[in-house]
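There are two complexes below, and they share chain A, which is joined by chain B in the first and by chain C in the second.
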Partner chain A sequence: MQMALVIDPGKCTGCKQCELACSYVKEGEFNPAKSRIRVFDFHQDARFVPYTCTQCAEAWCQQACPVNAITTNDSGVKVVHDSLCVGCKVCTIACPFGTINYNASTGKVIKCDECGGEPACAEACPTDAIVYMDVEQAGFDKMRQWAAQTDAGARA
Partner chain B sequence: MGWTGKVLRVDLTNGTCSDEDLNMEWADQYLGQRGLASKYLAEEINPKVDPLSADNKLIFVTGPLTGTCASTGGRYSVVTKGALTGAIACSNSGGYLGAELKFAGYDMIIFEGRAKKPVYLYLIDGKAELLDASEIWGTSVWDTDAWLKSRHQEPQMHVAAIGIAGENQVLYACIVNDLHRAAGRSGVGAVMGSKNLKAVAVRGTGGVKVDDFKAFLKATNDGKKVLAENAVTGEGLPTYGTQVLMNVIHEAGALPTHNSKDVQFDGARDISAEAMAEPRGKDGKPNLLANQACFGCTIACGRISKIDEEHYTVVNKPEYWHASGGLEYEAAWALGAATGVNDLEALTYANFICNEQGLDPISFGATLGAAMELYEEGIITDKDTGGLKLKFGSAKALTKSAELVGKAEGFGKVLGLGSKKMCDKYGKPELSMTVKGQEFPAYDPRGVQGMGLTYATSNRGACHLRSYTVSSEILGIPEKTDPHTSDGKAGLVKAFQDATSAVDSTGLCVFTTFAWTLEDIAPQVDAALSGKWDVDRLLETGERIWNLERQFNLKAGFTKKDDTLPKRLLKDAAKTGPAKGKVNDLGKMLPEYYQLRGWTKDGVPTNETLSRLAL
Partner chain C sequence: MAKVRHHVIIGAGPAGVLAADTLRGCDPDARITLVSGESEPPYSRMAIPYLLANHIGEDGTYLRQDADHYARQRIDVVHARATRIDPKKKSVRLKKGKPLKYDRLLIAAGASPILHPVPGLDLPGVRTCWTMEDAREIADRAHKGDEVVLMGAGFIGSIILEALIERGVKLTVVEMADRMISHMMDETAGGMLQRWCEDHGIKVLTGTRITEITRGKSRLDIALSSGKIISAKLVVVAAGVAPNIGFLKGSGIKTDRGVKVNGFLRTSAKDVYAAGDVAQAKDMSTGEFSVLAIQPVAADHGRIAALNMAGKRTPHDGSLNMNVLDTMGLISSSFGKWDGVDGGDGARMSDEAGHRYLRLEFKDDRLIGVQAVGITDHIGIARGLIQTGQRLGRWKEKLMKSPERLAEAYIATAHGISHA
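On to the complex of A and B.
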């Protein structure tokens, strides 16, 4: 079983509790600017969208890293090793999603590591817009919902 | 901890910005936000100054919990001498700006003097400068927000700005941050306009620390659980927003309607939360699209709405076809019940205009309601209004007036005076539903007795947020009292005023108190700050703040005579509903209240009271 952060923007209210939880766990202070997960406010469309690393199976950041500072743990999560990272930022260029970033105050890059299996953002989210679940089951509820809808259409 | 320890002082006259240390002695005595800035204001200005003069000061202030993970811990307040009232003003706002101020390295900004030409403050990570605002002077809050983000290429910046209403010193102009959250009441936007200060643009990448993280996480998590499990904060507010109240207050016979001639509104259902969520006849979509949280808020009562594109207000204005801040209860009441208008889309449009131009919708709607009565009574005619047919129930009168007020054009200029000065102008002061010059909010004191005393004694003029006894009298929180009796209300009002003064000084939102008592709040404050903060200390601090504000107002020239209500509420009985036949019993409550406060029969704090509170 592989766990993943599953995000449903439809449930997000834009409260940023995920950013506060993440920055506290990672930086020891409340600091959204240093959070590994960010919430985007598309206010004209009334949508709030949390976004973070999706832990690519074949990760560009990892392949681009010249010093092998990014490794894959047992859960498939890409983890940056600060002791190896030289702050060259090549990974930040390689990542197509912008989810690995340079932290000027430490000279290292930062990204989501799912808090070693207990992601603080999911724990803090008050609306279940971010949940930590089996990646193979992530679509199950959605499928079930559409199955019901499709069946209702077929019966009508 | 909880504080950055830094205050930014901006001298607009000389164009300088300087840092100073936060006065920690005052922070110990006044906690933060409302209390702390009121102390600064009381120490730094003469209470008799003209609020729109360079001698007034304007303070943006956070609380110790602002920028933390405490639920709703994102608030800031604007404290000044109010343009509408001449009383001490504290207008509290959510959104994200308050937290951003902390992340930028400051607890408070004090603006003093007056800029020679329009400027804005650009504050990023401890670096502050005043920049030329001539290109944005005359533009809306929304355009100002977009211009600043683009000019500085800083999309993560948060902006508080005045619209044209503030520039034109409309007396109930507000300061809008994050497009549709507002430091709304008492004309704080007019003060900002008088200083030629268009906007405050903030970006911060620093962090906020608290004294004891472990205890803080426990206390805030416990608090969040209480909010989630409470029927109001866990279900009512997220689903319906504050608008959950519209039908409730109507049914209680406490919905001020037609400038308080009535206490129930036939159109209440049409402008309620339930109506906002239903598919519209015209386009089959609901007015309400989503709920939005302010920074750190796990309740998320904010409304995000979209106006029907076919509605007459916007059919030729595609610039209004996007989602933005929708109707909260107070705005829906003022724009709707006070004016008798039941067109939800027209109300939403008027609300957008209020956000765009920087107007307090409560004072605007209530003033328009009074103008409608003047018009229907024949005191003013088409000649005065420039042809505007100010009839109760007219959506067109509402939306046209909204467009005119900020611009201070035509009759809009008169409406911009506020209800009191407008009614005085036409020789009908008794038609103004105000206390200390500030328009009532959405509760009729004939149907909720405690609110009469609340309005009469509020230090910033009529206000529901100074002691929301509706909570007890209608909703039964924390315990039910009879809304139709004045017995015990003096004590209730005092207790609510003191507790609310403390809550307003933490950085938390007062809406948490639907679920939280000070027992829930004290451990959060205690863990954030270095000293010991328990319930007793919070209550004593709240009482100290209340008396400080009172002292400011007494020095400004207010007296016992200003602690009163319009005659209509004291003499004309409610015509319908459960409170039918009732007037407000202020005369009975007020002396008891003075006594409980430790004030003389003239409403002046005794020396004993002042020394007990170390004032």
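On to the complex of A and C.
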């Protein structure tokens, strides 16, 4: 079983509780700018799209890191080790999804780590637009397709 | 029993180390030898500025922090410079020790600083900033209040610049081009960066060459093309690098600017591949074969070359040129054809006072290049959009008016929201 954050934009109402929960748990402040999840707001369409890292199997961020500061945990989650990250930001340009970002206040990069198995965003989401579940059962294909197109060479 | 394959990798930078790890992953029984031309454990040159700025120790630059990594992966690390390859005998001669016989060879020998014909560049106190040895020497000489001259304000020079400032030196930068980082920044972005540097107390002399360095009484005298002479305790040279292809002379392996490779990163010689700063491989923006000496390309090459060496036929469809730079807190990046193409369209958002700039370049309704100053959120999307060739449809017009909506355009087009 492989747990992952599964996002259904159709259920998102744009309340942004996920952003607040994420920044509070990760940074100790209610600051959407430091959230690892972001809700894109297409207000003319009344559509909202929560967006965060999908933990690629062979992650660009991880492979581009010059000091091996991004490792994969037992759940397949890519985790940044602050003690090793030098803040070079190469991962932030290598990730084609833009889901690993620089945090100027720490000089390190930040990305979703699924809160070690208890993701605050999913817990905070009142409409089940973000759920934490077994990915084998979830349609996770769109991001994977995009990932495949992005590569400099075929990826397993 | 089938014979155990021997993979030899020349070069222990990111391309070589990632190749070794990838080979171990898909060829569990193979023998793997990693040949390093330096005496340190495999390290990242990219981390050297952070070492100079005292953010990390030498061990913080290592490509694999775990000291047992190579032993555990059964990767033999040999510290000796490769001096010659004989593709007929399938052997690599080393400066010391017995030649290595290979079944598959990866040339990931990297690049070295270009030696410019400027008199005095060989004086003590004049140093490139490329190897760990260089870093130690610079750390030894550059202290608070010391006058230092940096020759070259290209990408590498500008990364070193920040580290030197963090050491507290008084810095003068001498760049022969008309602006800083002319290979990844246009006049607007380069100008912003230069003013930012000047506001932080750095003297920036663009359009200026160093013509000669001589030894003064206790310091170095640096003669400039403007006729001025400045003096300094240390000159750091960061004026370009070139692929290490000299040792391939006589091997029959075809080279141009770098080692020529095909769409599978194979060289002209059977069972010999090339990756990273030394390889002249496909650039997806131009379709041409060029040397793209950057970390993400080294990583891509290393992985793809290794898969091919292990018999998993994997095409290299072309890499994207991209860079990111932090200049005392002002972060800039550029991707692909950041200066546009004939017949394309460009959009710019410029906020001089706020030190922000974003330039997008399109061909038809596809993004082909990006430059950003002072903008970092979701910036990787620039790579995603360029490399996938995602059609932007109606979003192109929106981006022409509001380039800063790039992330929205990606979410909308890649996830099928066509309106808004």
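One rule holds in what follows: the second predicted complex is superposed on the first by the 138 of 156 C-alpha atoms of A that agree within 3 Å, B and C clash if a C-alpha of one lies under 4 Å from a C-alpha of the other, contacts with A are read in each partner's own complex, and residues count from 1 in each chain.
Definition applied: a contact is a pair of C-beta atoms (placed from the backbone, for glycine too) under 8 Å apart; a residue touches a chain by one contact, two chains touch by 3 or more.
Because the structure is predicted, anything quoted here is derived from the model rather than measured.
S.K.: With the two structures overlaid on chain A, would chain B and chain C clash, or do they fit side by side?
M.R.: They fit side by side.
S.K.: Touch check for A:Ala64: first (chain B), second (chain C), both, or neither?
M.R.: second
S.K.: Is A:Gln44 in contact with chain B, with chain C, with both, or with neither (first, second, both, neither)?
M.R.: Both partners, chain B and chain C.
S.K.: I want to verify the contact counts: of chain B and chain C, which reaches more residues of chain A?
M.R.: Looking at chain B versus chain C, the one contacting more residues of chain A is C.
S.K.: Could you say whether A:Cys95 touches chain B, chain C, both of them, or neither, answering first, second, both or neither?
M.R.: Touch status of A:Cys95: second partner only.
S.K.: Should A:Cys15 be classified as contacting the first partner (chain B), the second (chain C), both, or neither?
M.R.: first
S.K.: After superposition on the shared chain, which partner residues are touched by A:Pro126: those of chain B (first), chain C (second), both, or neither?
M.R.: It touches chain B, and chain C stays clear.
S.K.: Which partner does A:Leu84 reach: the first (chain B), the second (chain C), both, or neither?
M.R.: second
S.K.: Quick one: smallest Cα-Cα gap between chain B and chain C in the superposed arrangement, Å?
M.R.: It is 5 Å, taken between the nearest C-alpha atoms.
S.K.: Take the contacts of chain A with chain B and those with chain C, and give the residues found in both.
M.R.: 33, 43-45, 47
S.K.: What residues on chain B touch chain A, complex-wise?
M.R.: Of all residues in chain B, those touching chain A are 67-69, 71, 96, 99, 103, 156, 179, 204-210, 213, 217, 224, 228, 238, 289-298, 300, 304, 306, 322-324.
S.K.: What part of chain A is in contact with chain B in the complex they form?
M.R.: Listed in rising order, the residues of chain A that touch chain B are 13-17, 20-21, 23-24, 27-34, 43-48, 124, 126-127.
S.K.: Given the complex with chain A, which residues does chain C contribute to the contact?
M.R.: 14, 18, 44, 46-47, 50, 55-56, 60-65, 284, 295-297, 299-300, 303-304, 307, 314-320, 322-324, 326, 329, 331, 333, 335, 376-384, 387-390, 407-408, 410-412, 414-415, 417, 419-420
S.K.: Quick one: which bits of chain A touch chain C in the complex? Just the residue numbers, please.
M.R.: That would be residues 9, 33, 38, 40, 42-45, 47, 49, 51, 58, 60, 63-64, 66-68, 84, 86-90, 92-102, 104, 142, 146, 149-154 of chain A.
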